[in-house]
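Got a structure for you, written out below as structure tokens; questions coming shortly.
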């Protein structure tokens, strides 16, 4: 076709950057593309918006999601879990986070560094399971890695957009998407879809895998975990220390959520909002490379398509959508918390195993359906109706666990009022603890003893 | 001001229709406005869309809301409740519906006939409580009433849009809206907001009243009923025959839902979609007076603003939004049904009054929050996120009733598995009954005996 | 409808278009300018909104045909103008029953317009990057008509009697 021959032509010669095809240092692009490079450097800025923004803050803080140390208890996410910030911090942040341990695998490195594509080329499938601390990180440093950079999305010779993480096309194909000839518009979301997605580590080789065969909706991904992932040996990310439930951890499903939402369905791409054209250096126009909250750049991000609307009012509308989402999320997390403790009580009261298992299945569902919303970073904006639906399903499932537990607990003669009071007490203890890392320790006590097996040291997510 | 002097000028003389200010017959407008009149006559057409449309069908049918005969049990809405259709049928439909009894009041007539404004003028506040069958209907016939017609929205002399139902401005004012100088855009929704709204009959004089003082959201209207309406003596629409709960019935809150939703917040008016400009009789453009599903007129209704989108895909998007809403609604109704029967069992098992009252409060909430969505006629389209949020709150509340009931029932030694099986049985009996009017009778049986006091004959909604 | 019309009348149309072209080229520069102007197009596009939304847009100083006709060559322009003009005239005289409710730019028109955006804005769009989507208006939805039919007068109180004036449609 015309397109591909043009591509070949440019790849073959005539116009190239003169850089090596293997270039992975952002600084190598600086002189060639100073405008984009400078724009990229803005990612270092740290400034918050009402529900998003770029300040590194713990998610455990009172105005964020204070119940998380309970909900992720038994997992490293209960130790440290922060709001994400600019791409330029990706390496620094993974290097410092307490979730990385001596057992962490290479896969964790996949979405943080420009060295990854080459490592995968060199190491093949051994990359995924290799040791993070002793093998992968030192190798990356040696190769001169940059945090998420030009070569992750661009071919260094032609600057054509490209997908560098193999998991992405693999997963799209299981979903029946033809990936052989993406449009320009597709590419403007695909480059983000390599990383801003839900994933898990395959049971056999720790390969980064996206659970998309059945679709992008929370219920479709849940179904995937229940069937396909399970058949291949993946059952859980960890076991809850409160309810003993084998749990799933959801992660940044921006791509899936956006694709099923208002803008995705209208063919708007990630770059349209997060990388608007901007005028710099006099009158030159570039694609912004400052990936941040579009609420900081409403004029360029939203103004072009919504030129008929007052941008201040449009912003109010966004905040309204987010506010509805965030308050529903808090309610769902609250019920989910109760469901964990109810099951804890089932275990300590000697309720029959079968009933406990049934209740745990509901706890698992309840948590998945809020976590897939909480882990998504737009506070509901990328898909207002879909996110609310997921929170509804979450609340429904957690309540089923509670209903089931209530029946069994009353039969065992448990004092339900006391149980509810103890839940309030333990939540308060967690909230009152000022040291974020110690909050998790307050989530168990003599009334609610720990349930998980000794914490598994290989962090699966 | 310039505006008002202009108004006076034209009202005073020059151009008028020549009709009497009291004209209430649609036919009187026919020769003057043949294009609009012909368009109005299209309201006689009956054709369904996937989730809406204009065929008079019972809401009890399997693909609609088959649990309603249980959920409205004890109330006339369990006897007959149909999908709404064109304005031209308003009189015929109220005349024939089984919800009208010998005790029905004038207020019921308020949104059906062109004779109403004049009756209110003549009768004052006596209109509302007057007997529907013996006083109001005969009087309307005598006056030569039309079903919802020109004079309901237009001043017959100047054809200026006007609000003719006093309840509307009264209610907007309690909400702090200045109604003295509405814009053209406002009027294009206000004329609909007179009727397409949630309402109740004031306890003292049966006046049609809109519960808006605290806002348009379901939770804000619920709060209104809990406080303001209650203080003024209005506590309930009826008592559930299953759970003995004092219930609220929600009604067609299109105006409230639209105003809080995507399009309302963007200043789009009802007429923009439901009365699009259309070309008739050669090149003349008129405002369509065929109030129907805009999915039948996508090009004129949506194309004006969404000209950049493929209209078939836009329709798919609407159906997707509706499908998510309808399936969530069915789930919420299912849990709500269980909550009613659980409370029924609490009563027959002799659970303490106080606990029953608490559970009933949750049943009432649970039902309100789905009913306000079910009674809204866009199947979620007018506010996708808000409607889903309401269904979430509904499910949460119904489940609280269930949780509470479970505790008490188990204490009383009730066999919960049997209870759940009986619920399935009774639902099946209702679904299996083919005669829509008899379905309600299958909702009670010896296991679940009727709970309401003898059906109150004055229908309050 | 439009396609059918074209099919049926291809030859006829060609002849007329050429004729019109010749005729027009004989007239004065001033007439030509008038034929490109908002005033002229507005005669028919009484769907007021195309005109009013245009008039309060950033492009209101332009002629309609700065966008709506190809400008690569004068011949192409005249041909396109002739064809478009004739179809418009047809619709407004003989074919009034076939006029669509909502007039939408045809695919051909969209291509022409896009070229015109590009040619005026050459300097800003080529200096680095500005070609993310198929057409300029997928982002610049509101340039220059996109504000829909809701011009400013919807946000003012209605004028008494105005509906009466519109009773026969507009």
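Details
As written, the chains take the letters A, B and C, and residue 1 is the first residue of each chain.
Going forward, a residue touches a chain if its C-beta (ideal position, glycine included) is under 8 Å from a C-beta of that chain, and two chains touch if they have at least 3 such contacts.
What you see is a predicted model; the values in this text were computed from it and never measured.
Contact analysis places B-C first among chain pairs (by count of C-beta pairs in contact). Most remote from subunit C, judged by the distance between CA-atom centroids, is A. Measuring from the averaged C-alpha position of subunit A to that of subunit C gives a distance of 47 Å. Subunit A and subunit B have centres, each the mean of its CA atoms, that are 41 Å apart.
If each chain is reduced to the centroid of its CA atoms, subunit B and subunit C end up 44 Å from each other.
Contact of a single residue of subunit C with at least two other chains is seen at positions 141, 146, 148.
Counting partner chains per residue, subunit A shows two or more touched chains at no residue at all. By the touch criterion given at the top, residues 35, 184-185, 188, 269, 271-272, 277, 279, 283-287, 304-308 of subunit A touch subunit C in their complex.
Residue ranges on subunit C touching subunit B, taken from their complex, read 46-47, 49, 92, 96-97, 99-102, 104, 137-138, 141, 146, 148-150, 153-161, 163-170. The part of subunit B that touches subunit A in the complex is made up of residues 265-266, 309, 313, 317, 320-321, 324-325, 328, 331, 335, 380, 384-386, 388-389, 391-392, 395-396, 399-400, 402-403, 406-407, 410-411, 416. By the touch criterion given at the top, residues 123-125, 127-134, 139-143, 146-148 of subunit C touch subunit A in their complex. Residue ranges on subunit B touching subunit C, taken from their complex, read 3, 6-7, 10-11, 14-17, 32-33, 35-36, 154, 158-161, 181-185, 187-188, 267, 272, 276-286, 299-300, 303-305, 307-308.
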